[in-house]
Amino acid sequence: MFEDYLPLLVILALAVLIGFIVVLLGVLFGPRRPTPRKMAPYESGMVPYGPGRRRMSVRYYLIAVLFILFDIEVVFVVSWAVVLRKLGTLGLLGMLVFLVVLEVAHLYAWKKGALEWD
Amino acid sequence: MVTAAQIWEWVIKSLIIILVLTGGFAYVTLYERKVLARIQARVGPNRAGPFGLLQPVADGIKLIFKEELTPAGADKLLFTLAPVITVIPALVVTAVIPWGESVTLFGKTYTLYLTDVNVAILYIMAVTSISVYGIALAGWSSNNKYATLGGLRATAQMISYELALGLSFVGPILLTGSMSMLEIVRAQQKLWFIFLQPAGFVLFLAASLAEVNRAPFDMPEAEQELTAGYHAEYSGMKFALFFMAEYIKMIAVSMIGATLFLGGYLSPLTMLSGLPVIGWLFASGPHWLFLKVALWLFFMIWVRATLPRIRYDRLMQLGWKIMFPLGLVNVIVTAAVIVLAGG
Amino acid sequence: MPMSYYLILSAAMFAIGVLGVILRRNPLVVFMSLELMFNAANLVFVAFSAYHQILDGDLFVFFVMTTAAAEVAVGLALMVAIFRAKRTIDLDEMSMLKG
Amino acid sequence: MRSDAMNLSDFILTLPIITLLVWALLLLVVDLWVPKGRKGIVAALAALGLAVTMGVTLSQSGGSGLAFQNMIIVDGFAVYLNVLYLVSGLVVVALSHDYLKRMNLERGEFYPLMFFSIAGMMLVTQAYNLIMVFLALEFLSIPLYVLAGLARERPESEESSLKYFLLGTFSSAFVLYGIALIFGATATTSLALIIERVGQGALNLPLFIAGAALMLVGFAFKLAAVPFHEWAPDVYQGAPTPVSSFMAVAVKAAGVAVLLRVFLTAFPSLAAEMAPLGWGIAALTMLIGNLLAIAQTNLKRLLAYSSISHGGYLLMAFVAYGNPQVAGQAVAAMLFYLLAYTLTTFGAWAVVISVEQNDYQGLELDDYAGLGLKYPWLGVAMLVFMLSLTGIPLTMGFWGKLFLFRATVDAGYVELALIGLLSSLISAYYYLRVVVMMFMRSGEPRIRRDGWLSLVAVGSALAVVGLSLLPNQILQMAAQAILSLQ
Amino acid sequence: MIFGLHPLLLVTFLPLIGFFIILFLKAEQKNAIRWTALLTSLATFGVSLAMLALFDPARGDLQLVYRTSWLRVGGISIDFYLGVDGLSILLVMLTTFLTPIAILSTWSAVEERVKGFMAFFLLLETGMIGVFLALDLVLFYIFWEFTLVPMYFLIGVWGGERRVYAAVKFFLFTMFGSLLMLLAILVMGLQVGSFAWNDLLAQRQLFAQTQLWLFLAFALAFAIKVPMFPLHTWLPDAHVEAPTAGSVILAGVLLKMGGYGFLRFNLPLFPEASLQAAPYMAVLAVIGILYGAAVSLMQKDVKKLVAYSSVSHLGFVMLGIFALTQQGLAGGVLQMINHGLSTGALFLIVGMLYERRHTREMSAYGGIWKVMPILGALTLIVMLSSAGLPGLNGFVGEFTILLGAFGSQVLNSPYFAGAATIGVILAAVYLLVMFERVFLGPVRVEANLSLKDLNAREVITLVPLLVLIFWIGLYPAPFFNLINPSVERLVSLVQGAAMLAIH
């Protein structure tokens, strides 16, 4: 069991290593001649205007929140899928109920306009 | 307990995976440019090396020696970390994908996969989610309007499509009764899941394109309005990392898709594997996976060349109002058929 | 590894979480401290699940994660709403209600 | 997998909860198609749903059983409290219909969220497994976080919501960690199995005690017991008033229910260890709740502190839970008290809502000057509630306190009873201030006239006085309810 | 049985009928409300007379007992248990007698919110009668505590300028004591398994060990009510601020509830503790007598004077009770009645003056006799009664008490009675001073010249009181006959305990 996961640690370590090596390459070999112009945020050649980080439409947060909720449900669906054969009809019905509830929530958000992007 | 030999085996296998992916990344860029050029009746890069084969090398070397800028007002630490965070998941996500059953080398049998974990699909879902952090952080840390907006859009888009993506995984799991990728491949011995899960396949195809920000879902880096989106301020090797991450992710989703729906390393023509000399070509093995991935990549490039970009509101609505419900319906129908057909 | 290691680690997580909730003024940090407390409990569940050789604890973690997600949803929504109204979410700035 | 995964009886036993949840979902959907001006339909449907659920619940009275692999229990205790929650729900519908309209808070989520919360309360009362306890606690709390912040344009409302949320989650974490430790100690989360393992001595005792203590602390948070009370006044003040009343009553009842369910079923052996903790919490809650209430001029805060102190009275009887001779008495007394408290508190909140103005003014004590003289019905009703909260005879509150004190004395905690009595005296002072304002000062009070509000206020007042003449029947009900608990 | 109903039930709940009738009358129908209240209270008085007729004065035990199980709390029954004996019957009579008089006195004094006033008044009557009749301790507590609410309102709504302060003080003081009493009731009841008075009495050895604490808890409640020094501070406030009828009932009946409580509960249930505490209680009683009298001397406000004189008079009652002798106890009971009559009458008189001049300062009066001879004459009698002039009721009570205190083995000292005697003298002084300042001499203030003398209603209000004042003063035997058998039982009970304590 546990050994199955160790290789994933190994590859993760390697990936992290490579990621930093690549960054390091750029730092080592790239020239470094900053000027104020260069350092200015890119705005299609215009003089930068206003702060770079601005408040974003609340839609983004809404989507994030909805995602959290619905994504967690997917976790249940996935685990259920593994053992569906053992659960049989009742398992199917149970999930059906679960999904109906989920869909009600989805429809509610939909109808309330939470999914509109304007 | 874990032996040193095992650890070396893992290290070597991991290195192979990473090298194949990075090498693959280099040549997929070339592949894309060539294919695009062909579709648009051009020639494509052909100066560096024969048929332009050294073009990716040249690109890489050029990028190493480029000056890297960190815009004023950026969060230095996050600005540097963001590309690394983006590239790591891309490199490790395919670790659970089997390339074949096993080979015997020097009298020892080696499996053709790094590891076969029983929650492989959860692993994939988890790892792919992490790359969102890199993109969001890149956008935010740049202190640039385009980057911020691009980062946000990318995030919103990726999380929206992750739902459909997750649901599209459920079909194969239901059919297999396991989350192990190896099991899933073996379950396709008789019939690829693309035939049992056509809707799931389509879902996966669309969702995976959105996940890797490919056309027609390449809104986050839309040149015309966002000037490259979240990586607008990146240059040099940091930019290269984003670039790399993007293409490796393309390869990764192709591998995942091929494994889940197209039988992975399985050959459809095993009855021909008895043929002399070329028989091995028809036996299952990594080359089949390679072939399927190449076709999948070709398809992605083809789509890019053909389809126009979707408007952003449409893109979000497609994810939430069509693909997500479709995914639910697909799950229920599949499950119902399985249960009613008696397992 | 002996059970006590897990217990000590989880107790430390829980304690840090409690301290974070009590001492920090930024609700996001408070929020993260809360998640830390939840996950400390999760760690205990998983550890004892393995120790007792039963699956109940692992199962429980699933539910905890789900409820935590539901709380995250509500909590983030609240914070966004408050931030948009007041431009700050510092708990010290919350003085409309006299205590 | 267990072979008996599910069967029909499971669903029959949980039918009230299922009914409520299905109704909530329907409400949620129906509301989307109800035009803005006609939200009364939704309120009526909500009331109907609660009434239907009440019918289903009452049909279970007398029966008992376990459902879903011993996850959920149905017994007299649960039926009694479920009815209490549903009555609370109905009252809140009556209280909020007009309030939401005039405060411009008519949101489709309101009633479904309340339904969810009630379903959570029912679940937490019927939970027979610690997993269920935690889930149900969250299920009842999360909708309340949202309800508390319903009045979005008011910063106070959002603040209260955030505070409630942070501290509520904090307490949940305590409960959860306690459950985790108990799971570690006994290798099970089933209440029945825990007591069995305790009987066999097959457990890790320090871990077990620590777990139970953490759970007690977590529940104390939910009950707003001192020293975990600080959230309550702020939250009650900021939340829309009907929601505050719902929190003050139903949530408190649910907190008591889960406390009793868990501790009586699973931890009777820990009574000796828990008693000092419970003693201290109860004494502090009664005293500090009442002392702090004296300084309040805002009625919502005043009622909040008052409800804190009433939690203390309830906890006072809880301290005796481990003594088998008196536990039954104590629980019956608590159940009786909950009913008395419910009737009284809802009545008082109904009056508060009547006096509250559309701009959220009218909540100060001064706004009550002359109320009893100008609007005698409302004033007398409020008088009855204040007397009942103080515990003056001829009100339900008197019997409630009498039974609680009786159980406490019976268990040998005479000092605790003394503290309780003295804190009642303190409480008399601030309850009387309200009465003084209403009847002995002149002023120009303004009230909102609404039939449903008046119905709740006057109805509760009549019930508080009327039922006090026949406490026996209610006490019998409560006594029957607890038979199953031990 | 009266009209098929038990007389005690009838006498207790008859006022409630009037209460409900008043509830359904319109607030504007002031006279209808007044008449309803008056007739109800008169009817109650009539029923109480019938009760008296059914009462057998020869027996010392409880009579006319009504007992029915009310509710059971965990195996312990709380009964609806009423009964009457020599200790309580006169107090019930006093209540039913004073209530119509008090109602009559408000005819013109209360003009605002008559409905509420009368409703509360009738509620109060039920509560007071209940207190004197209840024999189940929880029931007793319910009635006891319940009397608080109407009185609180009578003071707080219809009272003088500092009425709110006085009302709240009254409420909190009384509640403080009664809560401790509730605790004691619970402790006792749970040990015995019953809250019924005679069950507790029969099995008092069960709580004999803790009886000192229980005694103190009960005594605190009763001492506040009586009020005994130093717990009396609420009384002057309440009296001064209360409306006339409220003061009459407060002085006439409510204070007696404290004395009655001592007699009914403290002495029989905790005899050993009573013996132990008797000297201390007697000391406090004597201090109360002297202190009350001394403070009365200083008063410029008539009503305050009467209020403090109550402290002094009730000191006599307490002294009599804790002399623990036949005479002392009988005198104490009778003196409670006497005080109710004479102080009630004094408050009525103060109210009549106040209604005319809207001041209670003695300096505002003087020479009133000339203007209002009827009032002057009546006041003189009442004042002398209160001062304890032989031939009037006050003398009989105080004299019996002093005799009892002298002969008390428990107190075992003549100084108690001696000091109390000084109180009698002081009472004569302050009452005479008051009478002199208000009624005698020339009319100093212009406004007093035009005062009208008493009208017929006011005379009717006072006359019944005077009749009783003379009756008790001249022929107290029927009253003692009612009291004595019960007192004898009580004394033998306490002395039996004393014997036990000695052996």
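Read from first to last, the chains carry the letters A, B, C, D and E; within each, the first residue is number 1.
The rule we apply is simple: contacts are C-beta pairs under 8 Å (C-beta built on N, C-alpha and C of every residue); 3 or more make two chains touch, one makes a residue touch a chain.
The chain list, named the UniProt way, goes like this: A = NADH-quinone oxidoreductase subunit A; B = NADH-quinone oxidoreductase subunit H; C = NADH-quinone oxidoreductase subunit K; D = NADH-quinone oxidoreductase subunit N; E = NADH dehydrogenase.
Computed from a predicted model, the values in this text were never measured in an experiment.
Participant: So which chains are sitting against chain C and chain E (NADH dehydrogenase) at once?
Facilitator: D
Participant: Hop across touching chains from chain A and tell me the fewest hops that reach chain B.
Facilitator: 1
Participant: Taking each chain's centre as the mean of its C-alpha atoms, which one ends up farthest from the centre of chain D?
Facilitator: Chain centre farthest from chain D's centre: B.
Participant: Using CA atom means as chain centres, which chain is nearest the centre of all the protein shown?
Facilitator: Nearest to the common C-alpha centre lies chain D.
Participant: With chain centres set to the mean of the C-alpha atoms, which chain is at the far end from chain C?
Facilitator: Of all the other chains, the one whose centre lies farthest from chain C is E.
Participant: Identify the chain pair joined by the greatest number of C-beta pairs in contact.
Facilitator: A-B
Participant: Can you work out the whole-Å distance between the CA centroids of chain A and chain C?
Facilitator: Comparing mean C-alpha positions, chain C is 21 Å from chain A.
Participant: Just give me the whole-number Å value for how far the CA centre of chain B lies from that of chain D.
Facilitator: Comparing mean C-alpha positions, chain D is 53 Å from chain B.
Participant: Round to the nearest whole Å and give the separation of the Cα centres of chain A and chain E (NADH dehydrogenase).
Facilitator: About 81 Å separates the centre of chain A from that of chain E (NADH dehydrogenase).
Participant: Counting in whole Å, what is the centre-to-centre distance of chain C and chain D, each centre being its mean C-alpha position?
Facilitator: Centre-to-centre distance between chain C and chain D: 25 Å.
Participant: For chain C, give me the residues that contact two or more of the other chains.
Facilitator: Within chain C, residues 70 contact more than one other chain.
Participant: Which residues belonging to chain A are in contact with no fewer than two other chains?
Facilitator: Within chain A, the residues that touch at least two other chains are 64, 66, 71, 75, 83, 88, 91.
Participant: Would you mind listing the residues of chain E (NADH dehydrogenase) that make contact with two or more other chains?
Facilitator: Touching at least two other chains: none.
Participant: Run through the chains and report each pair that touches.
Facilitator: Listed in label order, the chain pairs in contact are A-B, A-C, A-D, C-D, D-E.
Participant: In the complex of these two chains, what residues of chain D are touching chain C?
Facilitator: Contact set of chain D toward chain C: 131, 134-135, 138, 142, 145-146, 149, 152, 155-156, 158-163, 165-166, 169-170, 172-174, 176-177, 179-181, 183-184, 187-189, 230, 233-234, 237-238.
Participant: List the residues on chain D that touch chain E (NADH dehydrogenase) in their complex, please.
Facilitator: Touching chain E (NADH dehydrogenase): residues 326, 328-329, 332, 373, 376, 387, 392-394, 398, 402-403, 405-407, 409-410, 414, 417-418, 421-422, 424-425, 428-429, 432, 435-436, 439-441, 470-472, 475, 479 of chain D.
Participant: Sort out for me which residues of chain A touch chain D in the complex.
Facilitator: Listed in rising order, the residues are 83, 86-88, 90-91, 94, 101, 104, 107-108, 111-112.
Participant: Mind pulling up the chain C residues that touch chain A in the complex?
Facilitator: 62, 65-66, 69-70, 72-73, 76-77, 80, 84
Participant: Which of the residues in chain A end up touching chain B in this complex?
Facilitator: Residue list for chain A touching chain B: 3-8, 10-12, 14-16, 18-20, 22-23, 25-27, 29-34, 36, 38-44, 50-54, 56, 59-60, 63-64, 66-67, 70-71, 74-75, 77-78, 81-85, 88-89, 91-92, 95-96, 99, 102-103, 106, 110, 115-118.
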